[in-house]
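Heads up, the next two complexes both have chain A, just with different partners, chain B and then chain C.
Presenting the complex of A and B:
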């Protein structure tokens, strides 16, 4: 049985329907406060625009950061935000902040008995439709960066880019699940989640410009290069196959570890509800 | 004296509340420090890539000092930036309870905000000492004693400015059901236009001119320019007067919003 409990085609259809319903509920909830909904989207677009200005401001002063040109840094930046939005829409807040809250209040009890796989439900319960609508301009921005790069890449490179982006999402899922699961023992892991949030944001910078300990840390021990650097590099240079394989293997390892840790954590869960 | 005692109790309560979740807050501060550390390392790499000793009018030492100082101000002011308490109390009706207390809710939120900032500042300062030690070779002392005193004053004023800015938005809850979106957008703008991420001198001149007309640069950009001595003492005084004008204007807006809001406020329930 898969950790998410989806075994057959019927199961996939059932979970597909469930995701549609969760999206609908989320949209209805957000649309109850329309000015808030639109302000949040506007705020996120402004944030992207200002960060774009941040990089542009740097490149007004220098031609390159390490080996990276302005367009390459923009590609890295756009790729990072694509990954960031995709996890924000889906599992990020549900796991990092929602799960500890449920463990703390005991609300997890009522979800354990639902006829749906628990990990699936706690990961995707609240699909963020604000981020979904903020994601669309980011996708447009990525296409703009492709245009700036003259679409100078092959279909194979695009395929590797997509595969590495998928790998990044799985890697982030595994790490966030690992961090969130600690809440079964600590009953709160917001602090760790905030640390990881800030660490993750480092992924929007070219990490190979660091030296010594930091370079080793971000490439090998906590490979934040998987998030955006590796996928974006796939579009403008030839990555070595062993390194691509290394990325998939490490992600697989993190995911297996996260699933085991989740099961262990669940066994240690002591209900806090009255 | 009686009033001072009330304020003391409010500050004490904030400290007790924060200490309950001290590990989380310490981790939050630690993550802020990590971010600053990485940004500094990034800038060191940028300086290595460039053959110029000055980038955007800043030397490496000035940039490291600016970023670490900005990071510390960030943990003092921006970590608590969104002032959700007023908004929450108005939305859930708990304002009714506060209205009959011997301290005005508005001043209660003000002193709670002050308590939070003090807590974050001292916690942040402790953490930043390690980073400051790490980068001690690149750090600069203040330009002069007078600059340092003005720097401290500008920090105090920045803290007031931030409070009135966000409290005003929170008070919109009297008319709008959810103000989180507006506060989020304001925080995003404040971080960039306030100079918390990068000195404003890096932006194109046209953008710089627009930004400098707004109140946001008083939060990080002005204090750090004063500290580094990038602005003469005469100019500092002028800027401080402008900042006080902004604070007074925002305080007036807050006062009007509060008075009109309380008259407009309806609370239902048991």
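Presenting the complex of A and C:
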């Protein structure tokens, strides 16, 4: 059985319908409060703009960061935020903050009894459709960076970029699931989730700024380099195949570990008294 | 292992063998210093919520599952519905092992708790019903037929478009029960469904459960502290205390337990002294011509005939002892 319980075409269609329903419910929930809905959209756009200005401010001071030119750093920045918004729309908040809250209050009970793969449901229950309003300008920004780089890359490089971006999302899913699952024993894993969130943000800088132990840590042990650096580098330099393979293998390992950890955690779930 | 189990279940809708559940928590004394001590070197306290429980419920039965707070009722229900993994022992519901969470099992089961709300807080109940249709893959025709019938039974037709946060607790609970029955579950676990509801809402929910139970092929296990729920809905009752079953039998049999007397209330044409009733039963209360007697259940009918023959009786009624009293006594004796 696959960890998300999707085994056949009928299963895929059913899960597709469920995702559509969850998207619809999420939008309707936000729309239930009119001022909130419009303020949320405005807030997301401001967040995106502030990040961009922050990065520009850095480059008023320096021309390069390590081996990275301004345009390459822009690519890294755009790639990081594409990944960040994609996880933000989908599983990030659901796992990192939603799951511990449900374990603490016992609200997970009503989801355990649903005839759906529980991990699928708790990962995607609240799809943040409002974040699409930040994601779309980020996507536009990425295309603008491609233009600045004169589209000086091959189709193979683009394919590797997409695969490595997908790998980044899976890696983030695995790590966030590992962190969130600790709540089955600690009841509240908010602290750990915040630590990881802050660590993850390091991934938007070229990791060349680190040296020695830290560089080794972020490349080999907690490979934040997978999030944005590796995909963006695929577009402007030749990555070694063994390293690409290493990235896929490590991500696969993290994912397998996270699934096992989740199963173990669920077995330890104690609910809360009514 | 996938599919239905055939080991010890043998046609029972619910079968439980030597079921136990132990959990732990960190003990904390009052105050900030207590919190600090618990944080640094908190003492683990283990609680045996359910102990070596054995139980069989046949398909179509409606069973009341009662006990004092902390007796293990909800923990048992959560193990039966697959929410909790047992510490030891076996559980089968409809031939499935609940905590394996097989889709075929989950589609035939529902669990409603009176103290939690699973509906979309910001949206009307109608949206949650649609969500259930997709989640349980209910065919369109069956969905509309069930929804129509359930809305009528639960009397929620006028609140379908109101966001849940604007409804009263009773209205929300009725919406939730409709959602729980939309997919025609075969096994229904109801954990205090009438808690904190006013008399009218509690009655409506009781009637709804009773109606559903009459459909024959449904198995309902209901916990409640409200004895009216048990008396009016459940032909069978299981009393659990300190994680163990203290009584399991027809609800009527509770009234026949040794030590519990029938009550005879008589109103006479004129008052009589208490000693006039000696040998018939114990005089519990006298209020002028109104007398309350406690008598052996087996002798109740003959004593009533004797009273008619030898006293100027204006009115007479034989009643069971209050169920609360019987159950309280079982709680105390364990």
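Side notes on the structure shown:
In this section, the second predicted complex is superposed on the first by the 273 of 274 C-alpha atoms of A that agree within 3 Å, B and C clash if a C-alpha of one lies under 4 Å from a C-alpha of the other, contacts with A are read in each partner's own complex, and residues count from 1 in each chain.
Methods note: a contact is a pair of C-beta atoms (placed from the backbone, for glycine too) under 8 Å apart; a residue touches a chain by one contact, two chains touch by 3 or more.
Here the structure is a predicted model, which means the values were calculated and not measured.
Steric overlap between chain B and chain C is absent once the structures are superposed on chain A; the two fit side by side. Once the two structures are superposed, chain B and chain C can be ranked by residues of chain A touched, with B on top. Shared-chain residue A:112: touches chain C; no touch with chain B. In the superposed model, A:33 makes contact with both chain B and chain C. In the overlay built on the shared chain, the residue A:25 is in contact with chain C alone; chain B does not reach it. Once both structures are fitted onto chain A, a short way to say it is that chain B and chain C open up an angle of 90° at chain A, using Cα centres and rounding to the nearest 10. Of the two partner chains, neither chain B nor chain C is touched by A:260. After superposing both complexes on chain A, the closest C-alpha pair between chain B and chain C lies 7 Å apart. In the superposition on chain A, chain A positions 33 are in contact with chain B in one complex as well as with chain C in the other. The residues of chain A lying in touch with chain C in their complex are 5, 14, 17-18, 21, 25, 28-29, 32-33, 106-107, 109-110, 112-116, 118, 267, 269-271, 273-274. Across the complex, chain B is touched by residues 33, 35-40, 42-44, 46-47, 50-51, 53-54, 57-58, 60-62, 64-66, 188, 190-192, 194-195, 197-199, 201-202, 205, 209-211, 214 of chain A. Chain C makes touch with chain A in their complex at residues 23, 74, 78, 81-85, 99, 101, 103, 106-107, 109-111, 113-116, 118, 120, 122-123, 127, 130-131, 134-137, 163, 191-192.
Only residues 21, 23-28, 30-32, 34-35, 38, 41-42, 45-46, 49-50, 52, 55-56, 176-182, 184-185, 188-189, 192-193, 197-198, 202-204, 207 of chain B touch chain A when the two sit together in their complex.
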